[in-house]
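Labels run A, B, C, D, E and F following the written order; every chain starts at residue 1.
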């Protein structure tokens, strides 16, 4: 393919507009993922907790937006001082958007569009947590946790890498669109939450018996997965951060393809595996497979070939099929499978960049571990603090009757008889 | 009069209703129930965890019938709902002390 | 921030393409709002009226498109003669789209893209009505009302402001994306409809008792709200009407942020208020809160700071929490809360522009009042005419059995037992 | 309207970016249609087959992506040799995407974006089949059929026209966005499948009685239809294949309008017809009407006037209202109405191009017939091979109990009692 | 004691419950059923094919009552649920051998 | 034979079923019902309007049992379903005139 001739270079103003447009399109696509998580989770919980899951999702998306403006963005992009270790910093807050009609053409894009795009990533992190700890956390402590997660815990991780801090400058860590920064961060917060909060009442019987609580509405969960898949084109594609050159837009296109193929690989592998292992193809595993494929490719969706992308995503499918029951072995109750999908596949996706991308295995491992330590510790502190102050769980009776009655007062499907 | 309660397999409902119609049963009341009995549900695997659905979907018929035809009703149901497979269901007969038609207030066998 | 240097100005052709693209993206996002209203309403009615609500929504969107082409656009943009009062006019109709390959570069955008963007706004207005008067209006009179609303009532309001008429030229009325033009217009039509048609059978008992008819499907209502939220980026963002300069695209970005934050404010306020007042966080109020926040910021989504946007949207949240039960006091039966969300928050959003934007309080008030008078009168005439000719309501028995049986013959959830 | 002055021509690099962007936006919109089909079908099957329908849809979309990469694209665009008949060819496979940062500026767009856009069309074809043969095909044979369809059957049809082969070069066949290539192809495969597989157990009684199996979830079907409608703006709009000139973007705008109006025409006609014929407006017919309108305009969405578009789409509405019961007369069991919508309206849409567009009636007819012969024969071979080897249908008992139990082990709505 | 089973039209439920409350019936158990009888469902057309829903939604009440008030219960239901239209439903009375309150274990009429 | 109808709290179903199994009850039929009684539902606020759900979800068990074990069945249910809270439910016993197994046609106690 030819180098781009002079005449084909786009002018600065045009590039600025196109870069900004990429953020806006990517931004609204990732915003839409909030609906995807809401539907996925609403479909996989029992009907008595569905309204609660709905309010948690619209609430967390809102809180994430507010907190990322108040302080989150300023922690994520502190502008680390020359020579600082790059572990923590805060720039002026709340974040000052641009004035009307103003445009900082030096960045090459509108700062508000960038902020918007960054914000929706922050919200994604919180969505991950809500799925794992569903059906047994009261809404007030949940929203408090989300507030801390989106104001501080997540932004600190971002600052290490995308904010040019420690992981970026010292370790050359590479995480294109956030397999670790977003997905593992959400995953660790979810895992620690699941452990501290404990399993749902009746979930694990004596002698290792797992009581199955089937999701109440499979088409809703399917819809959620399709929404997330769609949103992921924004998530990964717009993480190219620029569309103002011929090369950039071509790379965005390649990212679209690789992202799609990794998800496809995850679906097909999950279907084949469950069909072979269990003689039936578990639809919830197929859905999780798509998401695990997507998370797996997120750390490096540009460099791999299509074949590699399918393989990377396919391994994501393997991960969910084996990790979902494994967590049950450890009595870690992950309602929607967010830990396999976001945490384990996120780690896998991050490490494999050592081969497909521009990173070292050690650098990637350091990134994974540092994130693990920080997010787990910080989350544990918050969850424990909540547990021993206002409490995180409803009474057992309230839990058995469903959070919708106890916390919301609005049943999700009031007219349909339960069988 | 008798009050007949039959538990049958759902897919037999239409057939049974037609058979009963042909022997002169003009009305019945139907509901969805779950049955627990000798017939065991399949073992399913959901997200890697086994579970067996030992409550199986059944249909319950309630039929008030005059003493004359009660036996015939039972026989008809027994024959029509029969698939010779476990879980085909049961027919219970209770004595019915009185029956009233709400619309007219008439009672007894004419109310059926 | 720097002024835009010469080199960064984009060429005319590029600007034309980008402006058009903004209309197209904004247009499909707002089109998607039709699905949002459909899901929101399908979730908040009782299951026996759900199929009816579905057909009403897809039907109204279709009718709006047809009527806006036949005559609506020509009334909305009549090209008021110099010196005319700017109250009513009609340009040639039906609207002539451009020829294939033709492009009127003087406008700076494709006229078809503009028409499309305008049309979906018209459809939004009709969607608002369908929610309020749900569960008790037969489909034929409903569709006739929608026909008149989208052909005449709404376009006249548009002509006064966006069409350069009376409100614009005489009063300097300011309504960026339609808090009044779209949302209050829909709201007045809905309010008048609710009064003339009356409440659902059994809704209001003796001595002020309100009988609660819970919505049948809360996750569907949640999905609808997320769809509307997503669509609103197109609604407000593309109302910038141009993306062909660095300044414009930056403003679109700012609008995205403010729009999002107003919605977030509405959600958080509604959750906190219901939690405090009722000890439970009402999920339907949170959903309404998001929408009220969005409507509130729609009259001026560009000028406010982020903090102001949150506040403006937050007041929207207050409005729904108090106005929803207030309407019940007056026995005005608004099934989905469209009157608080679109009408009251629309008025609030319009008036507050006197502080945040470039408008006077009196000018804004005149706009609100003129719209109120025209839309209420015109709607009343149509609803009354329908009432006394073909009738608007089904028989009481049909209503009790549900419109799906009486009007559609297709139950929404035929297999699920009602409890 | 003025010709475009020199100054308004956009530079090559900018055009490349904008063309690519059109493919990307169009691509993600059409990808979203996969969710639309999933919801439409999940809503129109009985609840005992809903999980199966969900996995079929996410599975087929994944398989389509994989196969179109492995071989499909290479068959579709074989680069027919000068003088060849243009009936079959294969270029190098699997398709080689571009390298990172590379851009073949000679094409005027990123090849990966083009591949992505083509791939989602391929997936659409497979979606059509899944709806018709729902509720009675096991997932393994279904997925095998999809594999062959997306790897070979569909790509061959594409090669004849968009690949510059026989229909294009010899007959001047015209099919702008695929009324025949995509929709009729899917439709023939569905029809042949329906005939070979046979009707659902109990569907047709003795003496011509049709037993009605109502769809379990009408709002889901409505959502699916709205998703498809939205996606169609990408389907038809981006089939303009370019947005890098003022003329192209104007044409894309016109396509948006015509596409929308054809769908609106289909809806309104279906509502009026069912209202008049049956005294009730069948919501499922209204939904099918929208889709039939969309398919009808797809062969030529640019050339017609708005009025013509409404008419063309309106005829689509007529088609569904009459063809749906007609198929039942022939005991062809089409669960969701895909044959009227995609096949019959697809043929109608293709033929009418002889009047609205740049094509001859004979040329169009040849295209329709050649597609019919090839797709029907090839599909018949595959369906029959499956039938006589691994079998396509579950046992009658499994079918009566629902495929969800037999094939998936996960009920779609486990908590809701059936009535 | 009597065990009274009443099949009524769903929209009459609230009225009947209130009427029963006013004559001292403190409890009852309610379920959704489908009724089949003289009242025929509408003929509907779904996608061009006719079908008649001959199973109509009804509500079933089960009320255990002492012998004293049983007759009054039947009468009250009959009068309140009556719309003088076909399909208003039926009332069946069975003999109840014993009743037990789970909470206290008490049985007989005090358990009602 | 007796026909035992028990109304219990839904979350007690599994426990009761197991307890009955251990005393030899091989089958039963279960349905979802709404209960109305002394136990009042919570007052909820929906969109600012109060309402109380006075119909509470309950589970109904129907068990045909031989006269021998009928008393034991009642006792087992009473003890297992008991939470000592209002609304625990009731057990009603009716005389059962006959029982038939559809599969085999056999009737009487062997049919249970």
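The rule we apply is simple: contacts are C-beta pairs under 8 Å (C-beta built on N, C-alpha and C of every residue); 3 or more make two chains touch, one makes a residue touch a chain.
Computed from a predicted model, the values in this text were never measured in an experiment.
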{"item": "Reaching subunit D from subunit B through chains that touch each other, fewest steps", "value": "1"}
{"item": "Type of subunit A:subunit D copy interface by residue overlap (half), same or different", "value": "different"}
{"item": "Whole-Å gap between the CA centroids of subunit C and subunit D", "value": "32"}
{"item": "Subunit B and subunit E: spacing of chain centres that average the CA atoms, whole Å", "value": "18"}
{"item": "Chain centre separation in whole Å, for subunit F relative to subunit A (CA means)", "value": "46"}
{"item": "Multi-chain contact sites of subunit A, meaning residues that touch two or more partners", "value": "11, 14, 21, 25, 214, 217, 223, 278, 280, 282, 284, 409-410, 413, 416-419"}
{"item": "Touching two or more other chains - residue numbers and ranges from subunit F", "value": "31-32, 34, 44-46, 57, 94-95"}
{"item": "Interchain pairs in contact, sorted by label", "value": "A-B, A-C, A-D, A-F, B-D, B-E, B-F, C-D, C-E, C-F, D-E, E-F"}
{"item": "Touching residues (chain side subunit D, partner subunit B) in the complex", "value": "400-401, 405, 409-410, 417-419"}
{"item": "Parts of subunit B lying in touch with subunit F, wherever the complex brings them together", "value": "2, 5-8, 31-38, 55, 58, 60, 74, 77-78, 81-95"}
{"item": "Residues of subunit D that touch subunit C when the two form their complex", "value": "1-2, 4-5, 7-11, 14, 18, 21, 25, 29, 46-47, 214-219, 222-223, 225-227, 229-230, 233, 237, 243-247, 249-254, 256-257, 260-261, 263-265, 267-268, 271, 275, 278, 280-284, 286-287, 290, 302-303, 305-307, 310, 413, 416-419"}
{"item": "Contact set on subunit B toward subunit E in their complex", "value": "3, 17, 26-31, 62, 64, 94-103, 105, 111-112"}
{"item": "Of all residues in subunit A, those that touch subunit B in their complex", "value": "210-212, 214, 274, 278, 280, 282, 284-285, 321, 324-325, 328, 337, 419"}
